[in-house]
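Have a look at the structure below before the remarks.
When the chains are written out, they are named A, B, C and D in that same order, and each has its own residue count from 1.
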Amino acid sequence: MSIENFKPVMTAEEVNAFLKQVYPQLNDDFADYRALEVTPGGCTVRLDATERHLRPGGTVSGPSLFTLADIGGYVCVLSHFGPEALSVTTNLNINFMRKAEAGPIDGHCRILKFGKSLVVFDVDMRAPGGLTAAHATGTYSIPPRK
Amino acid sequence: MSIENFKPVMTAEEVNAFLKQVYPQLNDDFADYRALEVTPGGCTVRLDATERHLRPGGTVSGPSLFTLADIGGYVCVLSHFGPEALSVTTNLNINFMRKAEAGPIDGHCRILKFGKSLVVFDVDMRAPGGLTAAHATGTYSIPPRK
Amino acid sequence: MSIENFKPVMTAEEVNAFLKQVYPQLNDDFADYRALEVTPGGCTVRLDATERHLRPGGTVSGPSLFTLADIGGYVCVLSHFGPEALSVTTNLNINFMRKAEAGPIDGHCRILKFGKSLVVFDVDMRAPGGLTAAHATGTYSIPPRK
Amino acid sequence: MSIENFKPVMTAEEVNAFLKQVYPQLNDDFADYRALEVTPGGCTVRLDATERHLRPGGTVSGPSLFTLADIGGYVCVLSHFGPEALSVTTNLNINFMRKAEAGPIDGHCRILKFGKSLVVFDVDMRAPGGLTAAHATGTYSIPPRK
């Protein structure tokens, strides 16, 4: 698949159902992360941040935003590659820019490269009002298809 | 404080007690993260990874390792600067290198720079056996002392 | 200056003239880096890559693309803050995605955060044809104004 | 090759001779980068920084330090894998910590992971006196051996 010709193979609903099945920890222990939308070459994921996602100072914690970014990359891979791949994150770089209060935070994800073995993506995480709370760039490694 | 002359002002026990008070989410929802040791210019933090910290494939998840790295940087700042500062992570870059099974994972943290407003650290996260599961470099911003 | 209300204070030509004066190394030894355009909240910088910018394999080298990204961040700061600040890069993360041959490479830069002391930006570096050769995110630290 | 059992296959002199042959740009245009020593699992590389490597403020420029880090990773790969591989940098994250004046800057490099297709390394770049001027972590991708 070349980057000019992205064609998702799973919808947001299908991705959420798949995540519930293979990654129950995300739903049980971290909770409140889900795919909102899949588009050619990207996706939007949401964290409904509550008290449990806050850190000292009353703002959404770094680990909660990292999880949103990581899920965003995973949803990019799943939705464009299919559910069979056991892909893993190899690198993620995140910048925290503004404090975000509890509430919905949307991660707008773009696939920057979709290679045979590496997928590079970025995620712009926006709090209500539209300002960027955090921005991340990451890489998923995809094992060879059999 | 210059990097040649580090002198911690809090012990691991004091840091853990402080974290329990100001960051209850870490204990209640993420659980099992704590400071093991504080040394001049660094610290060791531990994640006792259980089922809840795993991801598809049965290995410790990226968000769990990110949290360990982030806590490691926070413990570096708290233990060397004191509990009054409301420091925040501004950047964290993490590389995932090897799968790690459930069990203790130790984050060996070094302060690379301790400036007036920015603290740079790195964390080598090792699973039992001593191989690096993940490695991170990060920056905490410290607000001006009053 | 808030991110919603960006107002550049220098044009691309003024930035290039300033760079020539304070950073002669860029022109003499690295050469062929310049600002093409300044827009509210961003800028475009160009590297005219020649033989000297190539690495084994005949593609534009990592250091050449890093320099383009770093200059992009510097032009963002200069053009929106003015020439008096002696700002310095504190962090830069770069992903190399596709090989790029000799020729013009444009770095499309966006300011993601413009704080009192830290400016965060990203740069999408595109070779002719429009595909991303490399993508970077970085932070500049701005010393307090006197 | 497992990380516990590193055995370099090229010396620093052999690596320098190889670099001179395949990467003349490094010697002609960037100059003054070379391997000092290869050890099992790492290497030391040196930049003899002169006027041409400085940036505004009279300190060694970000691109010059990035080049040192990138060369350090390349020397790690070459010395432990051999000269046949056309490896490429996929990611590099660098933190700039202290100003460094003109003079020798040594990059102390460690291989953190040596996988079948990805090599992860870090580099501690020290100015005379021993304080870290910059620290980088990076990844090289190695194409399949034929």
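By our rule, a residue touches a chain if its C-beta (ideal position, glycine included) is under 8 Å from a C-beta of that chain, and two chains touch if they have at least 3 such contacts.
Just so you know, these numbers come straight off a predicted model, no measurement behind them.
Visitor: Which chain has its C-alpha centroid farthest away from the centroid of chain A?
Guide: D
Visitor: Would you indicate which option in A-C, B-D or A-B repeats the interface seen between C-D, with over half of the contact pairs matching by residue number?
Guide: Checked against C-D: the matching pair is A-B.
Visitor: Could you label the chain A-chain B interface same or different, taking same to mean over half of its residue numbers are used by both chains?
Guide: Copies use mostly the same positions to touch.
Visitor: What is the distance, in whole Å, between the centres of chain A and chain C, each centre taken as the mean of its C-alpha atoms?
Guide: Those two chain centres are 28 Å apart.
Visitor: For chain A and chain B, let me know how many angstrom lie between their CA-based centres, rounded off.
Guide: 23
Visitor: Based only on mean CA positions, could you tell me how far chain B sits from chain C in angstrom?
Guide: That pair's centroid distance is 33 Å.
Visitor: Going by the contact rule already set, what residues in chain C reach two or more other chains?
Guide: Residues 90-91, 93, 95, 139.
Visitor: Quick one: which bits of chain D touch chain C in the complex? Just the residue numbers, please.
Guide: 22-23, 25, 28-30, 51-57, 61-63, 66-67, 70, 86, 88-96
Visitor: Quick one: which bits of chain A touch chain D in the complex? Just the residue numbers, please.
Guide: 90-91, 93, 117-118, 139, 141
Visitor: So in the complex, which bits of chain C are touching chain A?
Guide: Going through chain C, the ones touching chain A are 3, 93, 95, 97-98, 112-113, 120, 122, 131-132, 135, 137, 139.
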